[in-house]
Amino acid sequence: MSDLNTGMVEKYRNNFLKEVEANVEEGDWVKMCMQCGVCSGSCPLGTDWDHPPQELFMMIRAGKREEVLQSTSMWMCTSCYNCIVRCPRELPITHIMHGLAHYATRLGIEPKGQPTRQFAQLFWDNLAKNGRVNELWLGVNLYFMNGLVEGVKVALGMAGIGLGMLKAGRLSLKELVGGHTVKDKKGFKAMIKKAQELEAARVDNAQ
Amino acid sequence: MSDIVATNQTILVVGGGISGMTAALEAAEVGKQVIVIEKTPSVGGRVTKLYKYFPKLCFPTCGLEINQRRMAANKNITVLTMAEVTDLQGEAGDYTATVKVSPRYVNSNCTACGACADAVEAEFDDEHNYNMNKHKGAYLPHNMAMPKRYVIDPGMIGSDDAQKAKDACKYDAIDLDMQEETIELKAGAVVWATGWRPYDANKIQPYGYDRIANVITSVEFERLMDPFGPTEGKLVRPSDGKEAKNVAFIQCAGSRDRNYLKHCSRICCMASLKQSTYVSEKFGDDADVSIYYIDIRAIDRFDNFYQKVQDDENVTFIKSKVANIVENKENGNPVLNGVDTEGYNRYANEHDLVVLAIGMEPSVDKDTFPIEIKVNDEGFIEHDEANGGVFAAGCSSDALDVNRAVQSATASALRAIQVVNKVAQAEG
Amino acid sequence: MADEMKIGAYICNGCGIGERLDSSQLEMTATRDGKAAVCQQHDFLCSEAGVKMIQDDIDNEGVNHVVLAACSRRAKTEAFNFDNVTLSRANLREGVIWVRPDEDDQRETTQEMADDYIRMACAESKYMKIPEASGQQSVNKNILIAGGGVAGMTAALEASKAGYPCTIVEKSGELGGATAKLYKKIPTSAPYADPEDNGVDAMVAAVEADSNITVCLNSTLTNTAGAPGRFAADISTESGSTETKDFGAIVQASGFTEYDANQLPEFAYGKNKDVVTQMELEALAKEADGGAIKRPSDGKEVQSVLFIQCAGQRSKKEGHLEHCSGYCCSASIKQAMYFKDQNADVDTTVLFSDLRTPGAGGENFYRSGQKKGVIFTKGIASEVVDGANPTVKFKDLILDEDVDLEVDMVVLATGMVPNAGQPSRAELTDQDNEDIAAEKAGEEKEIRIDVESILNLDYRQGKDVPHMDNGFADSHFICFPYETQRTGIYTAGPVRRPMDTQQAMDDAMGAAMKAIAAAENAGLGKAAHPRVADLSFPTFRAEGCTQCKRCTVECPFGAINETDDGYPEFNESRCRRCGTCMGACPVRVISFENYSIDTVGQQLKAVDIPDEFDEKPRILVLACENDAYPALDMAAQNKLEYSAFTRIIPVRCLGSVSLSWITDSMNSGYDGIILMGCPSGDDYQCHFVKGSLMAQERMSKVGDTLESLSLEKERVQTYEISITDIHKVPKIINEMVDTIEQIGMSPFKF
Amino acid sequence: MATKEYSFYPGCSSQDGASSSNYLKSVQSMCDVLDVKLNVIPDWNCCSASIGYCGGGELPRLALSARNIALSEQHNTGQDIVATCAACWLATKETQERLDDDAGLMDETNQALAEAGLNLKNDSKIRHMVEVLIEDIGYEEMGKHVKKPLDGIKIAGYVGCQTNRPFGIEGESFENPKYLDKFIETMGAEPVENYDKKVSCCGGALAFSEPEKSQALIKDIIEAAYDGGADMIVTPCPVCQMNVEVYQDKINAQYGTKFHIPVTYYSTLMSVAYGKNGKEAGLDGQIIKAKQLEAIASK
């Protein structure tokens, strides 16, 4: 992917805003921000952002490409949509955050160790496999994503909860084998593949 | 009321606020016949509810006195209060307006002696004070009310109190059987000066105006300063009557926001700068004012005033649209959450009182407007040939401060005169 | 009025007056002391019947001086509106019964109060005349318009539409002014998204097509004499020919000059060709005419441009403009669009501290700019570094960092400097006067008033309309944007206040309206705002005049010129009827028919002064009719009490108060005198400019007079009262009573 | 009243043995009483919730919901699509909106769907179960079926994020929606007035990846409920329900609190009030037992 990255740098030179507008989901809204900061103030995880949305927008305009794309900030988004409903300029901030995160991932320059980034990827892989999420495997994969030792620790830490869920019938070991899936797996996967091709094509054209 | 003479050389002025008054006076003082239609019981409009004007910090009452004197002295002006235009037909030089006149229950015999008010017990919300207090069922809208004639609140009709009021009047001025009237008036030109209303603060949910006692609007704040207002001029907050020394002003409360009013209401920045001086006026150096803003729009020479306020170290400016307000349940203080965007500083600031610099909503309703007219998305009447002989004045034409509203009204008077002069020529 | 004076006094018993006061006693006072030929009572004087009773006496009994003993002169004015008679009002309601408690032991003093007010009203009536025409009135519907920019043209077109012929005097060789130099203008109608054609050509065509409009190009006003209704203007062409024309009123739309960017070396202006002002960019845009804008230095097509807002504005720095010019934010958005509309890839950055695009149109235009990709950065530029490409050094206030940005071109949003002509006499500082003297003495001097006059008024007070803050020729009043200090002359457009094209056009329309009104009213001999429709005017007795010139110097409206032999020359239609001249005159030779040394002087003499041992002091209050008197009325309305020893006389303005009134009342045994005027200072509220200030000055001199009479200074107090000081006015009065109690009664009672 | 039929999108978490299977149970019981028939969209797939963006990006993500809508249009023609899970509802509704605004995306989406032999018209109405209750059933009708009023229970109505923003419920404000409180009242229980955290975020998306962050948020939500004197919390969102319920021990360990407050669904409340037994109401799915409800249910 990183040659895609260099390609993009080549193509857009210092004009990061144009790059974002062309390649990031809802990116062409960035220029509409008037820096009121209501989004930054409305985020439930505000304190955890190195750069809140409105500042990210300003950084994009100022051409701070690496700082933005490598930032962990967008990964803080919990999709609570507070920012969207309060934004006086109608910016779909939540989606722009997701878009930036995805674009960074696509370019392969996202913050590697960022746990939510890892979970988000796991989640996608998990659902892409069978068309439906397998919560048990999702959990298991999650706990072991940082290797066995770490995983056992986390798993044990979560064991209580797991047991509780099991007892309540809200977690099923049946899921370990087989588990829920869409019937038309073939069609489903073909659809996803096609969609991915089309999306890649869009970005590649941009290249 | 049938004795009103109106021809197609008459200029109809809809709205008796500062803009309507100005348009009427300018036209009448060059000899034109003018009829002013005012919805409330007295003329003067919003400015009668203001404590001071920016940037001079002088008193609106002063100009009101002069304008009212001019009106009283001018035989070319007829004022209909408690009246509304319900329909308007025709074209430049030949309009017919249908006007609904609500009963005041007090006729021109009234000497404003006040005997009726002394006689009654019943009280009703005082609209002049944005319903922050109550007035008697028989009342004079305010000290400067013109016409200086009492009003019987319709809510009192049929009650013993109403009868008491009638009995107390020696001059047979109270007529409890007065009925709503509908009259038709001819006019050659119409000046539309229905002004503005404060945006409904309840709609700005993140600021909890409907949930937090100590969040009020800028127009309410003005009333607090009036010695005859709801707090007799004391700057105290609603929840517990505590002196409001630490006051926050939130700019663009309802303005510049696609959720509410898309436009910039122009006056709010200057209004808050002005109101910051109220706090100093009351508490001197104990005043602690914070102004949360996106851009301070102290346009043209108003900026000199902005610079003065900036020099006051009791006033702090924070570039931030406040995200939301919650109440500190212990002391009733509003707590403002947000981010100061000049360098990303997160805050949770507690204040005694929060004033929402409330936006200006035009009182022109595109859909119910009685005649074909060009109104923009913001609800202001655009100046357009297609409007024929109907001309917007003041805040019907844009979000304007008083000075610009009067300027606009003066211009609209000339537009109206152009039409009626043409009619006069035609009729020879 | 040929037939002799006949006073009719009418006493109202309504609103509790009848119950509280002995009306037969009042009637006796009116006839015996007041010499009223006719006196009638009525239980409801403002009723149709009551008014008819009075009108009948006027029609049948020959009553021509009406005295109403009823409510305040501010009440029931519509009812008591009689033609061809003088009207005096004894304020028995707001002035007596509403400010006194209804208690038996108070009846006596309350009654005395009422009796005095009737005596005073009769005395005033006796000395009032029905205003007669001065003979100066003349109708002239022609409007003179100084300046042929969009404001001037609008004024001309609109006044003409209303039937008033106009003459535009334009200094340059063509109409259009600053707007003609614009490639496009800020949008003026929804959706406010794109720049608009500047519209000048169409306007010029309309002006030329209008037979009611005369245009004088390459012309200036070399002398403007006369007054509203009869202005005589010398219109001189470059070639030297001069024509004198008469006008009813004047609109001054002399526009602005772009701030001199050479005063901004920090931004490399003058050093780097690619640093230009907004006006210079307009020229480049016109040249490009829709094509790519090329930069001055090397003709390269501009790929990146940065706009520095507030360049040399909103700053107290020496040589900078303190004000914000209001239009520059929208102008920069518009100019950024010049680039973006032609080529979306051009980088345009607007560097601002507060983006000021008010109203519906403004905010829409801002959003449209963003939509087109204009970058808005909140920051402060410190320097522009010269180079092949200019580099802007600025602090980004959002990202809180210092930035160096190299661009092809920099545009400075410099502000507006009004073409307001010369400062008036009142504005001249001692320094100015020294400089002028020095310059006359042949020294090399940089003098402030060494600017061309626009109107060259032949006025004692200076050649141009007085300037307000930041040198704009604006009104001082919020409620009255066109209230000028030179009657019949109205400024419009950027000379009045910084503004954009559309605002200037609206403004010109308002100014045209006022000019028309001035012309019409001058014809009828009516005063202009605020004493609208007042027909009286000042006259003076030449014998007795000592040519001291105080009246001509102190007239706030430059209404009085001087004859060659130093006598005052009154210009009725310039006059606002404030009476400042009357107050200024040490020999009391100036008066109005219905307001004179006597109408007030005789009132205060008419008051019955009990002797020293009666323990009934008398306090005279001279109250400004615009603020203090209404405040007193409203105090009464709210039943706030003040001393029964008070006798109040409304005056047009404290500036009209003659020292003689003070000395006379002291001599006749008043114990205290209170003068109530309106607030003075920078934000003064006096519609006659400085009446209350002058009164304070004059009263400061009263001290000596008092001393010579061996009276205490405390007996005369001057206060600044706003109309809202409703609680304050009774306090002030009662404090005076306490003071008298302490220092004792005046010995001058006979 | 005639039976009301809807095309039902249950979503992954409500599958047997999944985290909100109890939600589905109670919804079914509730619908029986209200005579509402839910026709499951055959072979529906995951909506990728709001976390799918990372791997999914835009188009693949949209394709997921598009497939569900297309399937519904094909098999449950003419029926409104109803979801009980906030994330499912939001993702589907969002997809519909985005594809409506952007013809290009719509076209590409259909190209992708074609691979699965599907085509999208995108004209079905997409609704949350809560909307069905408020708009199609109405409070009055909901109240009529109450057999066992939930007397004496004080409940904090926790609306959370995604049922509330960005779409929310018609006529309700984003900051202070009142419908959940009205539900509670209608069932005879007492809502907590001005519940501060009513619409605060529980940090759902970070619950697994950065638990300490989400648990800090959950702590405030529970605290505010206790401050309001609540016996239990009720919510319309499976993610909220799970997060607020299951991490209480961890939060207690972390913050020294003594939280032990049951968190149920509005549908659980309603099922109990409608006289269903504990199992039908999904009470057995509680990890923190809702004892007061159990008591009423077993009456």
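Structure notes:
Each chain carries a letter (A, B, C and D) given by its place in the written order, and its residues are counted from 1.
Please note the rule applied: a contact is a pair of C-beta atoms (placed from the backbone, for glycine too) under 8 Å apart; a residue touches a chain by one contact, two chains touch by 3 or more.
Quick caveat: nothing in here was measured; it's all calculated off a predicted structure.
Two chain pairs, A-B and A-C, are compared here, and A-B has more C-beta pairs in contact (counted per touch definition above).
Of all chains present, the one whose mean CA position sits nearest the global mean of protein CA atoms is B. Spacing of subunit A relative to subunit B, judged by their CA centroids, is 50 angstrom. With centres taken as mean Cα positions, subunit C sits 65 Å from subunit A.
Taking each chain's centre as the mean of its C-alpha atoms, subunit B lies 24 Å from subunit C.
Chain contacts: subunit A has residues 34-35, 55, 82, 85-86, 89 touching two or more partner chains. Annotation for subunit C: residues touching 2 or more other chains are 355, 378, 398-399. Residues of subunit B in contact with at least two other chains: 206, 256, 319, 324, 341, 344. Of all possible chain pairs, the ones that touch are A-B, A-C, A-D, B-C, B-D. On the side of subunit C, the complex with subunit B involves touching residues 14-16, 44, 46-47, 71, 74-78, 81, 158-159, 161-163, 189-191, 314, 316, 322-326, 354-364, 378, 397-400, 469-470, 472, 474, 477-482, 497-499, 506-507, 509-510, 512-514, 516-517, 520-521, 529-530, 532-533, 626-627, 630, 634, 637-638, 678-679, 683, 685, 687, 722-724, 726-727.
By the touch criterion stated above, subunit A contacts subunit B in their complex at residues 34-38, 40-42, 46-47, 51-52, 54-55, 82, 85-86, 88-90. Per the touch definition, subunit B reaches subunit D in the complex via residues 205-206, 208, 211, 324, 326.
Touching subunit C in their complex are the following residues of subunit A: 15, 17, 31-32, 34-35, 55, 58-59, 61-62, 89.
Listing the residues of subunit D that touch subunit B in their complex gives 173-176, 194, 196.
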